[in-house]
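You will see chain A twice below: alongside chain B first, and alongside chain C after that.
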Partner chain A sequence: MHAVFRPPVNWRHRRFRYRLVVWRCLNCGAVHHYATSICRRCRSNRVAEDKLPDRARLITYTVVKNPPVAFEKQAPYIVGLVEFEDGTRLVAGITDCDPEELKPGIELEKVVRKIAEDGESGLIVYGYKFRPVITRSH
Partner chain B sequence: MRKVYIVGASLLKVDEQWNQSIDSLVTQVVDGLSEVRPWKIDAIYVANALGEILQSQANLGAIVAEDIGLAGVPALRVEAGGASGAAALLAGYQAILSGLADTVLVIGVEKLSDATPEESVFLSSLSERYDLLGFQGVTEAALAAMMYRLYLERYELPQEMVAQFPVLMHEHASKAPHAQYQFKTTLENVLSSPVVSPPLRRLETTAPADGAAAVILCSSDALPTIQHEQVVELAGAASSTDIVSPFDREDPLKLSAAARAFYEALARPGLSREQIKVLEIHDSYSILANLILESIGYSAEGASGLDAKNGMFDYGGKVVINTFGGLKARGHPLGATGVYQAAEIFLQLTGRAGACQVDGAKYGAMISLAGLGSSAYALVMKEG
Partner chain C sequence: MGAIGDELPRLSGVAVHGYGAYIPMFRVKASEIARVWGVPDSELPVLEKSVNSLDEDTVTIAAEAASYAIARAGIEPDRIGAVYVGSESHPYAVKPTGTIVADVLGINSRHLSADLEFACKAGTEAVELVSGLVASGMIEYGLAIGADTAQGRPRDALEYTAAAGGVALLIGKSGDGAIADLEYAASYVTDTPDFWRRSHERYPMHGSRFTGAPAYFHHIISAAKMVLEDGYSLDEFDYVVFHQPNTKFPYAAAKMLGIPAKKVEPGVVCNLIGNTYAASSMMGLAKVLDQSKPGERILMVSYGSGAGSDAFVFRVREGILDKRGKAPLVSELIERKRHIDYALYLKARGKIRE
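Up next is the complex of A and B:
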């Protein structure tokens, strides 16, 4: 089968995948994970770079038990739907916890983690994941 | 006004066909159209989703035209994920209505059994955005599972209200000779099958399938010159698109593209939903059956499970869905699925559906989706 990861693809998405840099429509607020000059929601051409916050809330989640190519060794792993304070939603890997610790509404923080390796000597892909925020008791 | 007819349909048993290639599946299925004469075809549309990945074969228009002895005829391949077959049918319908073609051959063919299990999961997620989701290992089944969970929570329903749809599909497929899974199952079996992504279970999804189906379309002008045994009018066809991720839509539980396509296809011949007695829907995940039936208005929001339990979608009910088992049990040979749906409605409206026959059906419709409703196609057929 075709290679799953290609170096140029990872390279061009680096600002989104490592820092959650997005392109936001100045007219309607819709967010794009790719550089664009047309808003996908309202077709405005007033789009500017922005950054999503590093914290979000969990809406729902599930567990991938049947993994795709390049994720065989990671399954089972959690993926969740998260929402930022501006209403932007993102589906992302959820890490550093068990599914039982997750409840809709809990606060999550962004971390940058290894996502996958493509083959034994292949590319290592990094990107954002989210994990539950641990609050200090004092 | 120019009209479009279906004058022949052919379909193969959906199965894991280790000994068959794309070419041999195509020649077999086209052989089943021999009752239609003469073979003067103006255009060929080949629906296929993954040939260039799984069989390393692109350019299926020319390949298939040669396979069936029609090199010389304009032919192209249509890809629209799981809706490829319906997209090819819409292209054929448009070609005939435009006046540029009088006879069109639409073939859907797919061979998924060549993939490993991990490749299958990867490939079944290709209709979702790879740069945003696929690269993170987010599968389409996981997205469907989260829609499922939100659905159960919003309407405070037990899982049974979704998980009973596969039971109904297997019941219908048990009488369908061309179905992949002809065994009956129970709600207990569905709910105890292995978890794919909670709450979604193995028996609420599809499995790798190979298959081919074909139909011949012709114009009202050409109909008198073509020898055929049965005819059905392709009375309406339409498509629509939506924001790709369900969770970026205004309501992730509303399949707006399916609703738009369905009502536009019905409006062309001026039909109402109530006249449709046979309905083929795209149940690649159990939850999509609920969401389609609610989005196109057969059930109130959150009520499709109860309606199904009360027999509304079974024989004797308001409309019979997936009369040969649907994607769940007839099987889902991805790019061919839409052509199977059309061929099955053809069988129903010509009284040749055997033990699956819906008595007195004059109109039938099908809804086919790519991804989780980002593309939707609807076709409406009328007794010939």
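Up next is the complex of A and C:
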């Protein structure tokens, strides 16, 4: 059986994908989405665990109509570039909206959704996506 | 509480500290389903039902509802010692839903976790188990979650109502900041084959009219009568929430028990979102908590096919006033909606096969 998603890799990245836990270089500011003791950009060993906020602003987006393997079921879907308050940028799935509703600068909130499925029998991969903030009327 | 004797199966010192509901935004109108199958839309069981989107399942719905419960409680996730998720639509046959939900929420590994199953009362089973763990002192806080993306066979009566949604209760010791004390819990269970799904089958089977009198009504009414036999009177309840597989059943059960419809109406959501299965009665409770005042009492009775009912009595506390606004209300989630046609419904529910 060929697995698109290898369980160890999926497991290793889960804290980032579920909760946006990152490892930030205190020297150059580079953000890593996996546990590391050395910054991959500047080789500094001053790397600390951090968490990105649950809110971000949309920079830009595109609509994927020809998805790669394991992402077919959700097509067409939106992939966006979002920016957090501290300037960190992240590519993320955008959900619960149509492309026409999206404008650069709108506020988005993090949710955890199904990202992909490895066929009928393989792993289901969950992770962050962003959606327009739920309107509170009360 | 003077009417209640010490010997009764009431809980002591257990309270809801947070509650959270989540409803996916897609809706399909019952009339749209009826149009496809040529059924007259004069007597449909609901107006419309919620449908999970392509990237939502019981894990994501449970996690979002639970995140709102934690937000309302205002506690650190590491204090949660149990995560129980009740559902009839766990994404994996083998691989717990609860472990994924706990990791998403940032709960540390030192906690109990189990997936529960008992048709539409799987969520309230979780409430009973977590309450027992809190009452015994084994855990400080626990999450009891009911969540489903319910399956309805195309053209079956259940297709009009089988919906998606989830509700989480964060339960801990009574005390400052509690939203509602849990005063009483008891269950009534029999072997009644009104609805079932065999292993590896995609859709459930049911006994049509057999799901009514010997199933839903017998268990709901028997469980409610246990509450009354154990010392409560109907006058003590400001709100009554029953499992709501359709809009008629909770009102009919209330009528049989002599409960006025006005006590049932605040918790009825089925007409606008359908039957959210393991979340159904808990969704009614969440909607009632959204509007209740300190001191008011709520009777909730779930129903799960196969069959059984869990009965609970909640007494609303002062904490509701500060905590209610910290997460979306059920009414706000109901209002957040987008209608889809039957074709998109089939796609969203994975009914299109290559």
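Going forward, the second predicted complex is superposed on the first by the 131 of 138 C-alpha atoms of A that agree within 3 Å, B and C clash if a C-alpha of one lies under 4 Å from a C-alpha of the other, contacts with A are read in each partner's own complex, and residues count from 1 in each chain.
The criterion applied here is as follows: a residue touches a chain if its C-beta (ideal position, glycine included) is under 8 Å from a C-beta of that chain, and two chains touch if they have at least 3 such contacts.
Here the structure is a predicted model, which is why all the values come from computation and not from measurement.
**Student:** After the superposition on A, what does A:N66 contact: first (chain B), second (chain C), both or neither?
**Tutor:** first
**Student:** After lining up the shared chain so the two structures overlap, which partner does A:I38 touch, if you call chain B first and chain C second: first, second, both or neither?
**Tutor:** In the superposition, A:I38 contacts neither chain B nor chain C.
**Student:** Which of the two partners, first being chain B and second being chain C, lies in contact with A:T135: first, second, both, or neither?
**Tutor:** In the superposition, A:T135 touches chain C alone.
**Student:** Would you check which partner chain A:Q74 touches, where first means chain B only, second means chain C only, and both and neither mean what they say?
**Tutor:** both
**Student:** One more residue to check, A:G93. First (chain B), second (chain C), both or neither?
**Tutor:** both
**Student:** Does chain B (first) or chain C (second) touch A:L26, or do both, or does neither?
**Tutor:** neither
**Student:** May I ask you to name which of chain B and chain C touches more residues of chain A?
**Tutor:** Touched residues of chain A are more numerous for B.
**Student:** Looking at the overlay, does A:V112 come into contact with chain B only (first), chain C only (second), both, or neither?
**Tutor:** After superposing on A, A:V112 lies in contact with chain C but is clear of chain B.
**Student:** Counting contacts the way the document defines them, which residues of chain A are shared by the two interfaces, the one with chain B and the one with chain C?
**Tutor:** The answer is residues 74, 77, 93, 115, 129 of chain A.
**Student:** Along chain A, where are the residues that touch chain C in the complex?
**Tutor:** My answer: residues 14-15, 18-19, 73-74, 77, 93, 95-96, 111-115, 124, 126, 129, 134-138.
**Student:** Note which residues of chain B are touching chain A in the complex, please.
**Tutor:** My answer: residues 53-54, 115, 117-119, 121-122, 125, 131-139, 141-143, 145-146, 149-150, 153, 194-198, 200, 243, 245, 247-248.
**Student:** Which bits of chain A are touching chain B when the two form their complex?
**Tutor:** 1-2, 4-5, 9, 13, 17, 33-34, 40-41, 59-72, 74, 77, 79-81, 89, 91-93, 99, 115-116, 125, 127, 129
**Student:** In the complex formed with chain A, which residues of chain C make contact?
**Tutor:** Chain C reaches chain A through residues 25, 53-57, 59-60, 63-64, 91-92, 100, 103-104, 106, 325, 328-329, 331-333, 335-336, 350.
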